[in-house]
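Okay, handing you the structure first.
Letters are used for the chains, namely A, B, C and D, taken in the order the chains are written, and counting of residues starts over at 1 for each.
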Amino acid sequence: MLREWMTIVTHQQIAHQTYLLELQGEIAGLVDNPGQFVHLQISEQYFLRRPVSIADVSPIKGTITLLYKVMGEGTEALTKKGAGEKIDVVGPGGKGFPMDEINSKKALLIGGGIGIPPLYYLAKELTAKGIEVVSVLGFRSENDLFYLEEFKSLGEVHITTNDGSVGTQGFVTDALPALDTIETYFTCGPTVMLKNVKEKLDGIPGYISIEERMGCGIGACFACVLETPGGCGKGYVKVCSDGPVFRPEEVIL
Amino acid sequence: MIDTTVKLPGIHMKNPIMPASGCFGFGKEFSQFYDLSLLGAIIIKASTGERRFGNQTPRVAETSSGMLNAIGLQNPGVDGVIADELPFLYPYKTPIIANVAGSTLEEYSLVAEKLSKSGVHALEINISCPNVKEGGVQFGTDPELAYEVTKQVKKVSSLPVYIKLSPNVTDIVGLAKAVEKAGADGLSMINTLTGMRIDPHTRKPIIANQTGGLSGPAIKPVAIRMIHQVYQEVDLPIIGMGGIETTDDIVEYLLAGASAVAIGSANFKNPNICKELIHELPETLQKFGFNSVKEAVGGAHH
Amino acid sequence: MIDTTVKLPGIHMKNPIMPASGCFGFGKEFSQFYDLSLLGAIIIKASTGERRFGNQTPRVAETSSGMLNAIGLQNPGVDGVIADELPFLYPYKTPIIANVAGSTLEEYSLVAEKLSKSGVHALEINISCPNVKEGGVQFGTDPELAYEVTKQVKKVSSLPVYIKLSPNVTDIVGLAKAVEKAGADGLSMINTLTGMRIDPHTRKPIIANQTGGLSGPAIKPVAIRMIHQVYQEVDLPIIGMGGIETTDDIVEYLLAGASAVAIGSANFKNPNICKELIHELPETLQKFGFNSVKEAVGGAHH
Amino acid sequence: MLREWMTIVTHQQIAHQTYLLELQGEIAGLVDNPGQFVHLQISEQYFLRRPVSIADVSPIKGTITLLYKVMGEGTEALTKKGAGEKIDVVGPGGKGFPMDEINSKKALLIGGGIGIPPLYYLAKELTAKGIEVVSVLGFRSENDLFYLEEFKSLGEVHITTNDGSVGTQGFVTDALPALDTIETYFTCGPTVMLKNVKEKLDGIPGYISIEERMGCGIGACFACVLETPGGCGKGYVKVCSDGPVFRPEEVIL
């Protein structure tokens, strides 16, 4: 893990309140797995860093791509930064999806809103390993859609929107494909979604990626802990350093 | 050559800079970023008698020039700390200060006694943690209880004892005098100010515990004021902390009366901060006309 | 239509927004920027028995997300305020709250009595000014003295009395309960936190008085926490203040338990701030699902 | 007085740590007298505004010119702003030099360091009124010199530097011209300089412009007061609204 000033290579809006940010620096060479994140210092005005998933890595350009949504003051301020500017980044954080231990024929990816970005890099890595990918992506509305073509180029895609403006109206759990051939699932999104997914896909081996407010982002402050069922292990895990990806049975959501 | 060494009871330091308790875990994570032997000392996270899970999440919230935290003293318990965490730190050439917390006098004594025999160099007694329901707070706000806990800990411990004071009090000097009388070897100042943030969307406090401890540059003027007051009235060395982010801040603390400083939440903004401050300090001291750290200590009082 | 009106003892307001004492003088300067009739109310600078020059300069210093001040209650004395300052404000359609300070019980009584007959609508008793050597502070930190001063002021004044509490105390609820028992009609929370800054160049405190009162967004989490605590235990309306800069901040204060809010040092950053907040408030309330200010008050406690 | 976002027209370094900042906006049309100042909000990161004197006004362009020196964090951050950007300004503040009441043949202007800028606009206005101007300008060193040609185009100029690298070595009071024909003096600079000037020029009618730390900058907070001799008037004056220009006999320095 490093702290460095990365250079903004690209910064553009790709959907309603949604931006693509491509950053160049040494951190790009340190990414081990999809599902890892970087911790961004937006400016001196915001005391805490903001965790954002790595949505893609280009080893050739030495860049990582982030896809983020404006959720509050920090992400709003982030939109003001232009290509060529530098940004203070710590990363790559966390362990991500353990690509080495995954060995399936067909995988189901379920993402909601700002949980979708890490699944893109995951889908790329899975298909590169020859694993078939089916994605279910949930958005608020038509204007919020992003990276649809990118996901489609990697496999079957199902869309849901809260207002039904595209795809199935409802939540990701309302548009699950036939599950009989799915050997592993991967999901990332708001905690309430993760809970529903975990319940619906009970029995299928899975990986869930969890969001929690962070202090340090490196495992030192205990801001981001989750309890483990029956106090397994140490009785807790740290989302930032033990996760953000866990097996559903490892944590209490 | 600027002399940055500092000798405090139990801790002989290359420089006056150490990470603050709870903001550096037990060191392991930060050892990815730099060699911990660079540090003047290291204050580890609080230990309690038994292991504690701490509070519900969210445990942190951002504020203007600061943050709130309500971790709730999560730790593996004193035995776990001694068995699983301290061995990692021993090889580093850095004195270790163990932070002691508890809900009862007995718990403070027990933890202090065990840590005294563990190989650490000094104890910092956290009588001021605002984020746990019982104990902690009262020990830090009532001079008699503060006296009592200091007395008990001194009885069972052969190590120098630094008492960490809470800023959430009317009379910080009264507290400092009480623990001085009880035999404290030094003071740590300050712990966090109790605060709250409410999210207008959810209409609830952001932190699950409702209140949290405010740290960061926002509280620096309060820390400087309290250290300045206590330095005039109490004859104990002070480890100063609260919002330090620059070497200019460190000089301000030294001038107010701190003999050494601890860096807390700034470690989250910049994991290299301690290393960078250690590197820059000699130049900054020189800029302000000092030849040593000692020369600056209490300089605002002359 | 969002209902922004607020009725508090003595003050019927179009909106819950008023400038805080000491940050708006007696209104004249800000009347260059907008019509003071827009304000929900106006709290004027402290009056004392005799005219005071106040402290030496520098009287202000900048801090992270805030500032220190040690004006030292400079004012023309209560007679001067009544003769020379209040007449300017009477024509505006805005209730006036006069801030009362003193060094002795007698001085508080005298000032309160005179102001009661002057045409203002309520009194705010500043028992918490940290920037004067005698009096002021003790009244705000000792519940018995706070009780006493409230009692005396209530005796001589026919106007509603708001007691302005100091945050520099161990037990804010104890203070609030004491003044409630003494008959206070409302609370103002909070005054400034006592702080200090030292200039590493001069090696001296920047503020001539050494310590000053910390205001601005830095202290907001402390204010929110205290208001949240007091709201649960005391049955008095609260005027909330401390670091308010946005209408989101105002909603946070209302949710914590404030019935109205005062804007202090933000007036220095933006002389139009009160006007702008008044303009934006209805939209912000609506955004968070409120139809009125009243609906939001104490919302974090349900 | 206004609060407005003025547009940066020019921003350039003109000497060691010294910058010229030209701002366009309505405030330019409201300046009454030389010696008035504007109160700049550098950014959200600096809580208090910074007072800076108006060094020139261009009614045609609708601009004011400021000349400032980097003295600390705020002025350092200010240097980063570029032409075209907007800056939050309150002004014009204070009363300045009362041009209407000045009626001399020859005026002496004495400025030290960052006290020099307001004297330039003053010199222009005085010469426009047909008053002869002699300036004594004190700098730290040769590198710090600025606006020399500008002052020279308006009259006689004497220079001092602390290190003697140009002009007379020493302070402004070491290079005063013959005082017999001087009918009025005007001085601006650090308080210790003002004290010396006041003493040396005792007997000659003068105006001194004073620096003090400010809160509001508009006369409301009582941060910037000075005592008056023998408690004259109210017993005090406010630098920001009654000043920053006073008669030497009006205030205790």
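Basically, a contact is a pair of C-beta atoms (placed from the backbone, for glycine too) under 8 Å apart; a residue touches a chain by one contact, two chains touch by 3 or more.
The chain lineup, named per UniProt: A, D = Dihydroorotate dehydrogenase B (NAD(+)), electron transfer subunit; B, C = Dihydroorotate dehydrogenase.
Source: prediction; values computed, not measured.
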Query: By label order, what chains touch subunit A and subunit B (Dihydroorotate dehydrogenase) together?
result: none
Task: Using mean C-alpha positions as chain centres, tell me how far subunit A is from subunit C (Dihydroorotate dehydrogenase) in Å, no decimals.
output: 46
- line: Taking each chain's centre as the mean of its CA atoms, subunit A sits from subunit D at a distance in Å of 56
Message: Centroid of subunit C (Dihydroorotate dehydrogenase) to centroid of subunit D, CA atoms only: how many Å?
response: 35
- prompt: Residues of subunit B (Dihydroorotate dehydrogenase) touching 2+ other chains?
  reply: 63-66, 216
- line: Touching pairs here come out as A-B, A-D, B-C, C-D
List of subunit C (Dihydroorotate dehydrogenase) residues in touch with subunit B (Dihydroorotate dehydrogenase) within their complex: 63-66, 68, 141, 168-171, 193-198, 200-201, 203-205, 210-212, 214, 216-222, 224-225, 228, 243, 248, 251-252, 255-256, 288, 299-300, 302
- prompt: Within the complex, which stretch of subunit A touches subunit D?
  reply: 44-45
- line: Interface with subunit A, subunit B (Dihydroorotate dehydrogenase) side, in the complex: residues 22-25, 28-30, 32-33, 45, 51, 53-54, 57-67, 69, 71, 74, 76, 216, 265, 267-272
Task: Sort out for me which residues of subunit D touch subunit C (Dihydroorotate dehydrogenase) in the complex.
output: 1, 3, 41, 46-49, 74, 88, 90, 212-227, 234-236, 241
